[in-house]
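A short write-up of the structure that comes next.
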Amino acid sequence: MNQTVVSYLSKYEFYDYLLALFGNNQGVLAFTIYFLLALIIIGMCATIGGLGTYAERKISADLQARLGPNRVGPYGLLQMLADGVKMMTKEDIMPFTADKALFYLAPLLCLVGVFATLAVLPFAGGFIMADLNVGIFYLVAISSFVGLGVFLGGYASNSKWSMLGGMRGASQIISYEIPVTISILAIVLLAGGMGFGTIVGQQGGLPHQWFLFHNPFAFIAFFVYGVGALAETNRAPFDLPEAESELVSGYHTEYTGMRFGFFALAEYIEVFVVCGVAASLFLGGYNVPGITIDILPVQAAQFVIFMTKTLILYYVVIWIRWTLPRLRVDQLMSVCWKYLTPIAIFNLIGCAIWMVVFNGKSIAELVLGSH
Amino acid sequence: MEYTVGSIAPIFLSPVIAFVINAFFGRKLPRQGDWLATLSIFVSFIFSARIFGDFVFGQFATDYYIHKVFTWFDLSYGTQIYKIDMGIYIDNMAAIMLVMVSGVATLIHLFSTWYMDHDEKHGRFFVFLPLFTSAMLGLVLSDNLFSLFIFWEIMGFCSYSLIGIYNKKEKAGDASLKAFMTTRVGDVFLLLGIVALWTTLGSVNYVDIYAAIAEGKFLGQTVLGISFATFTALCIFLGAMGKSAQFPLQVWLPDAMMGPTPGSALIHAATMVTAGVWVSLRMYPLMVLGDITWFIAVIGAITAFGAATIAVVQTDIKAVLAYSTLSQLGYMIMGVGVGSYNAAFMHVITHAMFKACLFLSAGSIIHSVHEQEMPKLGGLRKFLPYTHFAMMCCTLAIAGIPFFSGFVSKDRILGDALYYGFMAGQNPLLAIVPILGFAGAGLTAFYMFRMMFMTFYGENRTHHDDHGHGHGHHDAKGHEAHGHDIHHEHLDVRQNVPLLILSVFTLGFWFCGTLTGQSFGKVFGAKTEWFKVLVEAPRVERFVNHPRQEFSKVDTKEAAHLEHAHYHHQTGYAGPNPDEHKLHSAHTIGAIASIIIAFAGVFLAFLMYIKGSVKPWASKFPGLTKVLQNKYYFDDFYIEVLIKKGLLGLNRGLAWFDMGIYDRFAVDGWAAVNRVLFKSAKWFDNVVVDAIGVDGTGVAVNLFNLVLRIVQSGKIQFYFIMLIMVLASYIWTVNI
Amino acid sequence: MFLEFLFISSAVLTVSCALGVLVVKNIMHSCVFLLGSLMGVAGLYATLGADFVAVTQIMVYVGGVVILMLFAVMLTGGTDFISRAQNLLGLAPSMGNKWTYGMGLFVGVVFLLTNIKLLMGLTQTLPTKTINNEFPSTVTEIGHLLVKDHVLAFEISSVLLLGALVGAAIIARPRKQN
Amino acid sequence: MMSLASYLIISLILFVVGLMVMISRKNIVAILLGIELILNAAALNFVAYSRYVTNNLDGHIFSLFIIVIAAAEAAVGLAIVIRFFQIKETIHVDEATQLRN
Amino acid sequence: MIPAEFDGLMPVVIFMGLAVLLFFGGHFLSVALAPKKPSHLKSTPYECGELPVGSAWSMFNVRFYVVGLIFIIFDVESVLMFPVASIFRELNDMGQGGYALIIFLSFISVLIEGIAYCWRKGDLDWVKSFQHSLKKETK
């Protein structure tokens, strides 16, 4: 049985009142709750994505000793709104040689792939839309829609830059999926389950209880995951599919207006999702140190902790983007296949052996002697 | 004694392990891993010998068997049962077969380490040899037709690889392809039979099939207008025909000598060809139920006689042996057909012993003299004394001389055939079975001794050898050089010991407990004939409601409640036979006749090739000789008519059909092809059909061509459409 | 209610996209329709409670096979490539013409009728099992089956995949033309 | 609504459509698409039977391996197609005639 | 108690539906708000100001396919490894850790063999042909 947010809420009394309000129709009530929460999450993520563009400009300006956006609103905070309005009001242009149906479809695929991952992201112990038994596996699988969207976007534009960017993007995304998947496998192996609830529940709130410090292999796996995730989201230094200096704008060269906006939105939300996954897989997720009781305030604290960890990682991602230079295509491939994948497999084997030899205990447990 | 999986599985697994190691790391091992292969087969032999000893030297109990099953997959729903079990089934027959296969294979491996020394294909040879053996052992161990089929196909692949191991020689490649393709024809039918059994019975386990026969589940079912039992039995027997190289599908076996001689020994003696006989024996109750034993007997008799006639004119020493194998396989199949289950199986064992020995001896000769044409050999008796001794023993055995094993088994088959053909009140036309059988026996004695005399006796003709092969520098010095080359045959463990061991087992009393094979002259105080007691056709009613043994269960023979064998001297278990005295007299007549015939054959060979007082008759019947040398034109028929004229010519026609270039030339060409076809069919009618006496084939060829022409278009989607159509028509016609 | 909705939408997606694969003239669109059909099948798996198989379907097909097919289309001349021989000999266009479609329709109908006959016979004997709406987790069970009952298949499949990798890499590897 | 029969019918439709794709298309990649559909029909049947008939998950395992094999088949098949294209400059199935004579 | 049919699947479907909804909503907004003045030149594919020559759907290098090929094989292998990995801890607690480790390692070793093969044969080099010819020249 999968845990969901509805089954979590049904423990509380007000759920029964709600149920009575909906005429004892479980289905409609559940749908309503899910729908509202989904709207909230998407709104939040869209805001984070929008703020992401703002933050990116601000941070880059900071790193380059500039001011960044400061005209629209206080500290330029409304810049993101201005961007959004600009995108909506821009003319929608489609190349006359384009493959029209696929040109429409490509941003949708990206969007679906990213949004569907939000369903399993563990914001808090109860506030996880669906704690699927196949959670992380589902997340890896469904996010491969993005690669498809990138490829089709590049293809459908029928422009040379787009096509090159799309091919590169698709091959990059699928390549880096391998080290990421294998690193995740190592964590699944340590946690003994694929559901996010299981994985986070196996960790604790304090750093020594995190899987990051569970054993040396998991520690390396975190960095393999990080590098792979950067590449999967087409972030610098792996932003080859949209390398401005080489490919104009890569697979979305021909996209304008709202459709470009969808690509951008999908990308920023995906970065958020990837950071959230990293936080919950390696950094203890939503666990509040020292508190195990399950009441609503604790849930709020869990949410805050999760968001803090995720946003810190988000900051690191932006930081990396403006610090490191872009890789060459051949370096990109050799980093993936000749370094990350062998290291990831090595980590997986190491974790398996660790599990058997030390009976699943972490370093801290071994050192401190706790059980 | 306890039987667990651990004590049975190594029989099959140790050669497989050797295969895997040799396949991947063989080149890095010392001597390319041949010792490993040999050792692994020897391990199999040890384990088999344990089972053998337990089954045979324990109390005689015919009905004891080990049967371990696990379900591989189960597609049954509701009351319909469709499942495939995998498992192990060992009864007395399997125990004997196992020890024979592993023992003979061990000796062949040992010999091969000598024979293949410094050969460029040494490593590759020792990759396939253990796999081949393990497939045969697995086939013997398997408890159902499906796993049998798997091992059957592995053997097919291995034989393909072994025959074509010298892949630089075009002839070897062709021969391997031929072996593969010809056996495929049979395999298709075997698979069809297995699937038909599976869809009807829901299981292809031997035990389930026996039980179904006993319960009468086959009765009243028909497929395509013939009874279901006949259909399945025929399909399975056609598969056996392909593997055991019976009459219409025999063409691959003589070409199988293209491989190294020990490989041929393994193919011809212990494995591969006996698999066909094995499945016929296992499915014997089905064959009886399907009422096709007369067909089996006739096919066996035709093969036995026809192959013997061809062997008479062959000059290549391996070709003679190959045709003698064909002929002996004919006897085995004939034995199955005429109902002498026990003797047919005994012939499998005895034949394996002496034929392995013969092939190894031939290998020894070829490796020492580098010559395999008999007219260029001669007088080797002095140079190769051990080989000569071993080969003489085996020749005596195969020729059916009393005191030797071949006499015992073959004589019993012939006795039963005699009874079957003349006294059992069958169709009088079936009298052809014993007649062909006895004629073949005489020919066997003749050609085997012809081979012996031409090879080992008379003067040494090797110095006439003047075509330039790699040993030209020896030949330059003539006779002495060759004498020098081969004079030093001393007792080499790897060369001679396998021969000598095998030749010991050509003596008859090992198998029947008496010196003569008849009821007098007992040795070693044997109370009764162990072989006859232990091996009997399965009594199907025993298997009704048999308990299913789980794979992990431990068997002990002591725990089994057994009724001990009550063996009736002549009739086996069947109780008093009303025709007992007839059977007895048939056996007596058969024994006497076969002794006379055998000695007559030997005497004729003696006159022709030693005394020289009778000229060989080849010059007297040039036409017949030509026909025989061309193997009754079977190869020509298959290649020239069926493949070249049929497939290739018509493919060209179809290319035209595909491209849609429809013009006068194409039409003319079409007509020309048709004319050629008609002519060849007519020629075939006149020459081949009349000679052999099967009518209607020519017409069939024409029809066959017409069908092939349409079907062989080379368009993959067209094949696909045909596949669907055939499937649909099958489903619509057969009422499922 | 929700399950019925999911079932119906998945079934409609599956069937309509499969028909799209059949009728569309552009191979690229055909591939995308295949994607839709496979997603529909994944949805059907989900309604059957086979969560792991459903996700595997998405992972392997969406992430792998369809992208590979799109790559292959791009590597073989794109969507509207017509070879010289095809023009010369007047072969059917690569996405079929009315003759090939007629043949396909004929075979399809024959097969459909045949199968309906089989299914008719089958429905008489189908056992009825009471279905509850509980979907227990299949992952653990599948894991246990993979390491216990089907361990041989599990190991052999890795060898199969290795073989596929090596074989396909050898076949597809760019070769220098002499 | 949701019963074994409806799943079987969907899988039958999938199979027949795959069959028709295989026969009516002359592009080898399109034929491979048809094969994928057919394999999916088979896998769907296995899972449906596993839920409605048997009480074990063997059907899931079967369809898992069907997916695995489909992936391997697609990989090798497309590699062959690409190689074929490199040699013959076409992916028309009727021009694959190298083994004919 | 929540009926089982709602667990898990519904949010997934809702999120997908919302993505589609958002997509079409955004489209609707953009159609409503954005100006629409199409011209031929505006809708030519961007090629830095030049007029494009030929279609972009041309043939690509086969190395893209080889990457996809290696990916799909690894993908499938990782799919098979997921269930085994997720019961690894359970098996270990049941005292069958050694057995599970052997199963797991033998599976992974084949995976490693695959990547080693591709590495050795140079399928992982993006610019293999270039390096290859360079080596030849230096020889």
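Here are some notes:
We call the chains A, B, C, D and E, going by the order they appear; numbering starts again at 1 in every chain.
The rule is short, and it goes like this: a residue touches a chain if its C-beta (ideal position, glycine included) is under 8 Å from a C-beta of that chain, and two chains touch if they have at least 3 such contacts.
Everything numeric in this text was worked out from a predicted model, so none of it was measured.
Between chain C and chain E, the least number of touch steps comes to 1.
Steps from chain B to chain E, taking the shortest chain of touch contacts, total 2.
Compare each chain's C-alpha centroid with the centroid of every protein C-alpha atom shown, and the nearest one belongs to D. The pair with more inter-chain C-beta contacts, choosing from C-D and B-C, is C-D.
Put simply, the C-alpha centre of chain A and that of chain E have 15 angstrom between them.
Computed from the mean C-alpha positions, the centre of chain A lies at a distance of 33 Å from the centre of chain D. If you average the CA atoms of chain B and of chain D, the two centres end up 40 Å from each other. Inter-chain spacing, taken between the CA centroids of chain A and chain C, is 29 Å.
Touching of two or more other chains is recorded for residues 19, 22-23, 53, 58, 64, 67-68, 71-72, 74-75, 78-79, 82, 86, 94 of chain D. For chain A, residues that reach two or more other chains under the stated contact definition are 1-2, 27, 31, 132-133, 137-138, 155, 167, 171, 174, 177, 193-194. Residues of chain E in contact with at least two other chains: 3-4, 6-10, 55, 57, 60, 62, 64-65, 68-73, 75-76, 79-80, 82, 86-87, 90, 100, 111, 118.
Working note: touching chain pairs come out as A-C, A-E, B-C, B-D, C-D, C-E, D-E. The touching residues of chain D, when paired with chain E in their complex, are 64, 67-68, 71-72, 74-75, 78-79, 82, 86.
Interface of chain E with chain D (complex): residues 62, 65, 69, 72-73, 75-76, 79-80.
Those residues of chain A whose C-beta lies close enough to touch chain E in the complex are 1-7, 10, 26-27, 30-31, 34-35, 38-39, 42, 87-98, 107-108, 111-112, 114-116, 118-120, 129-133, 137-138, 155, 157-163, 167, 171, 174-175, 177-178, 181-182, 185, 188-194, 248, 253-254, 257-259, 261-262, 329-330, 332-334, 337-338, 341-342, 345, 348-349, 352-353, 355-356, 359-360. Every residue of chain C that touches chain A in the complex is listed here, in rising order: 1-2, 26, 28-29, 32, 35, 51-52, 55-56, 58-59, 62-64, 66-67, 70-71, 74, 134-139. Across the complex, chain C meets chain D through its residues 3-4, 7-8, 11, 14-15, 18-19, 21-22, 27, 30-31, 34, 37-38, 41, 44-45, 47-50, 52-53, 56-57, 60-61, 64-65, 68-69, 71-73, 75-77, 81, 83-86, 91-96, 100-101, 103-105, 107-108, 111-112, 115-116, 119, 123, 126-127, 129, 131, 138, 141-142, 145-146, 149-150, 153, 157, 160-161, 163-165, 167-169, 171-172, 175.
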